Amino acid sequence: MKNSRRFLTLIGLPSIYLFLLFILPVGLMVIFSFREGTTGAARDSFTLDHYITFINSRPFQRLLWQSAGISFLVAVIANSLAYPLAYYLAFQAGSQKNTLMMLLIIPTWTSYLLRIFAWKLILGSTGLLNSVLLLLGVIETLSPILIYSRAAVMVTLIYVWIPFAMLPIFSSLERIDRYLLEAAADLGCTRLEAFLRITLPLSLPGVVAGFFFAFIPTLGEFVTPLLVGGAQGSMYGNLIQDQFMRALNWPMGSVMSLSMLLIVLVFMFLLTRLGPLSDLLGL
Amino acid sequence: MKTRKLWMSICSLLVLASMFLAACAPVATPTTAPAAPTEAPAAAAPTTAPAVSGSTQTGELVLLDWSGYELPEFWKQFATQYPNVKVNYSFLSESAEVYAKLQSGVNADLVHPCSNYWKIMVDEGLVQPIDPAMLSHWKDINPALAKQGEFNGKQYWIPWEWGFESILVRSDLIKTVPTSWNDLWNPEYKGHIALYDSGESGHVIAALALGLDPWATTPAQDEQIKQKLLELMPNVLTIWSSQTDLDQQLASGDVWVAANAWNASYIKLLGDGAKVEYIDPKEGRAGYLCGFAVPTKSKNYELAVAMIDAYLAPDAQAYLANEYGYGIVNNAASALVKPETMKLLALDDQNIISRTIFYKFISAAQRQAWTDVWSEVKTSK
Amino acid sequence: MPKLKLPSPGALYVGIICALLYLPIALLIVFSFNDAASLTFPFKGFTLQWYQQLGQSSELLASLRNSLVIAFGSSVLATILGTMGAIAIVRFNLPGRGIFLAVSTMPLVIPYVILGVALLILLNQAGIPLSAPAAGFAHVIISIPYAILIISSRLVGFPDNLEEAAMDLGASYWEALLKVTIPIVSPALLASFLLCFTISFDEYSIASFLVGTDTTLPVYMFSQLRFPTRLPMIIAMAAIIMTVTMLAMLISEWLRRAGQHTSPTGGGIASRKAKA
Amino acid sequence: MTEFAVELRNVSKIFSSNTRGKVDPVTAISGMNLAIPTGKFFTLLGSSGCGKTTTLRLIAGFEVPSTGDVLIQGRPMTEIPPNKRPVNTVFQNYALFPHMNVLRNVAFGPAVRRLPKDEQERLARKALALVRLSEMGDRMPSQLSGGQQQRVALARALVNKPAVLLLDEPLGALDLKLRKAMQTELKHIQEQVGITFVYVTHDQEEALTMSDIIAVMDKGVIQQVGDPATLYKCPTNRFVADFIGESNFITATIVAIQGPHAAVSLEGETVYVAAGGSGRAGARGVVVTIRPEKVKILEPVKAPAEGLSAVVRDVVFIGTDTRYVLSLRDGQNLVARVPNGSDANWREFARGESVKVHWAGEDARILDE
């Protein structure tokens, strides 16, 4: 049939691409997770040892849940902060919409690493924040506040994800028919009620996408915790990195990554209890 | 339409960016253009200069190296010897990357692992023995260091640079200056210590503080070390992974005591005018040692060895010490190193090499165990 | 006295967030002129030496160029593939749609380090040499989910019979896509391009495994962290990138404003906007 | 020129809708035969979901028949994609391209045919003039009112000079007054351009106003085809009679058939009707249909012998007419509409009054089974 031929043509190329550069490597990772020994790809025997080690390792699991919790919080806060931005852009910015959007995106073009270094300038003990507070007499000595802590990791990541979360929310808000809001007003809704009953539910797909844009990268994050997290900021991504790069235990690293994957999939599954993924994402 | 304007802005942006690039880097192809030697190599070098006559050999030499060592100053000799060979660098940011890349079959002719990583590559057949007779500078290499690259009577690895890992303090911020590794546990430093993000380093510090041989610990001692590290955590403010990061933390005053800083940090901070002191603990300083190895798969063995020889040349070694503040292996280069650098690195001390506790290669089991301890320690707070 | 116009709460909020987003960058620009290698307060004195060093660091410039090329190429390819995928899932309710959606959004879920290692092994098994294009092709994978999500959310906002209308008027299906569907989703294509560009331009983990000898900017920067003295130079580069970007935006904004005031000539079927 | 612009030969369409893996087939059209004469205003009339839009999409080529053939100007269309068919469509939602101005929307057809630029513009302007929108060429679709958008859609479809123009409830979104005006205008334009129009609507009044020929559809099957007057006067089945205009349906028994007429009886009283259909003498339970305005009400004393006795149940004054609901002896209801003040001898009846109803024999028909 004509329709299915078009569908296959459209979906074929991206599918082949995804298969070759994504499914295959992930499959390799799964194979890896069953390999023996701590180093390399050379071992060909099959073992469940790494899974057993993982299940028995309290620190791994504790940190996995902790990181999931942090990621959840970061994603929720980043989205709550991004929502008003997207709302303003979609409904109030008028002709300045595109300019403002560019303005919000451009900072992300500066290296993430450098921006985090800059955050240390702000949050460090002789940093901007402390200097201002000292000047105002709020604090008396210069000591690091907010930096080298889990809170610093969260603040930095929220800062990083705001523009990313804003984009999908903006595009789902843009899609809302303005007449719906007039209709709501006509039916006696106050502006707040109209927002809560019409705008917010209709923009939910964007919020879901924005949530994942922030949640998932945070879960795998290891650079930010290293730079601003200090002694208590380590996240699960750091442990994975350690297994790959320090212990040279690729199978164990694979097991840990797969377990993280599982968490995300469980999360997605829970979300799909609310409706199919495509509906949630507004497709 | 608005979108069209936006597209226009993107295009103009890219055009501007490329214009900027074009203006700044008319020949931004440094990897393909070997620097022409403008001066005779190492006229003052006490050793015999290698054959200066340019070979007509062509080809490509791929180095898997740390950035910073690609500067032409480090391989003048090679550039003179093989003017037609293309030298390409692939940069590392982790020691393990060398292993990871070789393991997955990456083609490289020369790699630059450190003392704790080269042995595993020998075990897995990833690197081949090197014939020291082909190195014109071999006779000047510190024998104690050279020996570290030997395995089963063959030289697999040629050490090239080393440095200390020791306690670096902001002397203006602390009252008591530490004299032993054990002093890191002093409550005075609570919340102001920086540790290097490495299970090995952590293990070594704790072992030295406990008076143990770090490379021959029993499981019971490993447990002791873990407890010791857990006790250290209240003092620890942060865990660093790059020298830039640590230098910032020290310079800003967030960190008072860096438990295992490199001497490069010391020199850099001194240069910035910071009040810092580099401690020589009574148990001795830890030290890292890095060098070159030739992958088994390399088809350019001779070129690779010639490149190692170039890196070992006295002028290259002196440049390494003078510019980066790293320890060197070629005794013949000492004359070219600035006296103040000699002093700072304690190179004038004849016993320095024997007194430094260099990292040794470790077994896979040790590596795994230490990393696991480190994971637990890191996440204990 | 002119009456002071107070900004609306919304504008105020956007202003605050913007300030927050730009504060670190402003600091970086200031510190690119600081006469000290450490990135710490207090400010030591004014210097242009980092900019001079920059001009001499051909490695850095070459890696910037590699990054721009990779980011441009991968975001174009990701946007093309993402558009195809988005049209397929939004416009056709055929079996395979759900699986495709799930698989194409999965790269969001895989930590980049792991993808990098896995791709490294794969490329070597396949005998494909490491290079900038290899990293670019890998970046397409991590960009596709963003492209699909952005483009399809725009696509559902339009009636699904616009393509039929075009075909009815004589266009073939592919012509209809090119002349109608693509133009109406073009804001989403732009958003997708920008986002993918951003992701690729700043991506380190995958690139570090795959670029081989063609270093990209993030890979170069991470490797430079070993040498604190190089940091100011990198900051100077960031300052330039930032300034150029802002300038480009200002110019295009100015062009846009200017374009609105001059009425287009030439008649024909110009897309003139009526003064409604 | 062929006699028929469009022919459907034994066309069926079965959809298999795929909702989360569950496939269930739905028959939209079954065994349809239809011939649409060239140059006529042809209307497919039916309630929503009856398959009329599917029929239109089969002609346009957006759907492929499951069985049977679609012919346009005598040529089979099975292998011909929509863009190669000599038909154009005016969509229900207009489907104007939001990113193009009015002129470029209209010029889209010529543009994809790669006509020279000035020719494109000439044709587009001509089409816009036809729908009286010459001044609007520079507007974007979003800046137009519903009626204007509708006319742009019409101009865009007409610019290609198709052999057949398909219109899918194009007036559905317009208000009543505008709809009335557009009905006249559409008919006018059709006569002016002489193109065959195939019009889909659920509004019988609209169909009667504009069409040369109407096909009434129900459940994927054509019920009756004919000109508006025939359909109104001589519906062949209950669905058509009910769907077009208002009808009374009375169940009766056929007493005798005399040529074109039949005598039917109800509770012993006899009336004459047109024989039609398959009725034969003695058949019980046949359905007789009669339009309310054809029912005559008389005082029992003035009534002729044939006729039915009834009681007035309800009287409603509706302007030009008065509407009576009458109850027959056996309890069946009958509606009558009587024009006000048309007859000097006429008198009004009151609720509860006993009356006699009758009609001219040719006005009532026995329906097919």
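Residue numbering begins at 1 within each chain, and the chains themselves are lettered A, B, C and D in the order written.
Throughout what follows, a residue touches a chain if its C-beta (ideal position, glycine included) is under 8 Å from a C-beta of that chain, and two chains touch if they have at least 3 such contacts.
What you are looking at is a predicted structure, and each value in this text was computed from that prediction instead of being measured.
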On a CA-centroid basis, which chain has its centre farthest from chain B's? D
If you tally the C-beta contacts, which comes out ahead, A-C or A-B? A-C
Could you please state the distance in Å, as a whole number, between where the Cα atoms of chain A are centred and where those of chain C are centred? 17
Rounded Å distance between chain B and chain D, as computed from the means of their C-alpha atoms: 87
Which integer distance in Å separates the CA centroid of chain A from that of chain B? 34
On a C-alpha centroid basis, what's the spacing between chain B and chain C, in Å? 34
Counting only residues that touch at least two other chains, what does the list for chain B look like? 1-3, 5-6, 9, 97, 100, 104, 245, 248, 252
Shared interface positions of chain D, touching two or more other chains: 81, 99
Among the residues of chain A, which are close enough to touch at least two other chains? 41, 102, 117, 120, 124, 126-127, 244, 276
Within the complex, chain C is touched by chain D residues 18, 21, 60, 62, 81-84, 87-89, 91, 93, 95-101, 103-104, 107-109, 112-113, 117, 120-121, 124, 138-140, 143, 156-157, 160
Considering only the defined contacts, which chain B positions touch chain C in the complex? 1-3, 5-10, 12-14, 16-18, 20-21, 24-25, 27-31, 62, 66-68, 70, 88-93, 97, 100-101, 104-107, 242-245, 247-248, 251-252, 265, 268-269, 271-272, 324
Flag every residue of chain A that touches chain C in the complex, lowest number first. 3-4, 6-7, 10-11, 13-15, 17-18, 21-26, 28-29, 41, 81, 84-85, 87-89, 92-93, 99-115, 117-122, 124, 126-128, 131, 159, 162-164, 167-168, 171-172, 174-175, 205-206, 209, 212-213, 216-217, 219-220, 222-223, 237, 240-241, 244, 250, 253-254, 257, 260-261, 264-265, 276-278, 281-283
So in the complex, which bits of chain A are touching chain B? 37-42, 57, 59-60, 62-63, 97-98, 102, 117, 120, 124-127, 142, 144, 147-148, 226-227, 229-232, 234, 238-239, 242-249, 252
Seen from chain C, its contact residues with chain D in the complex are 93-95, 158-159, 161-162, 164-173, 175-176, 179-180, 183-184, 186, 268-269, 271-274, 276
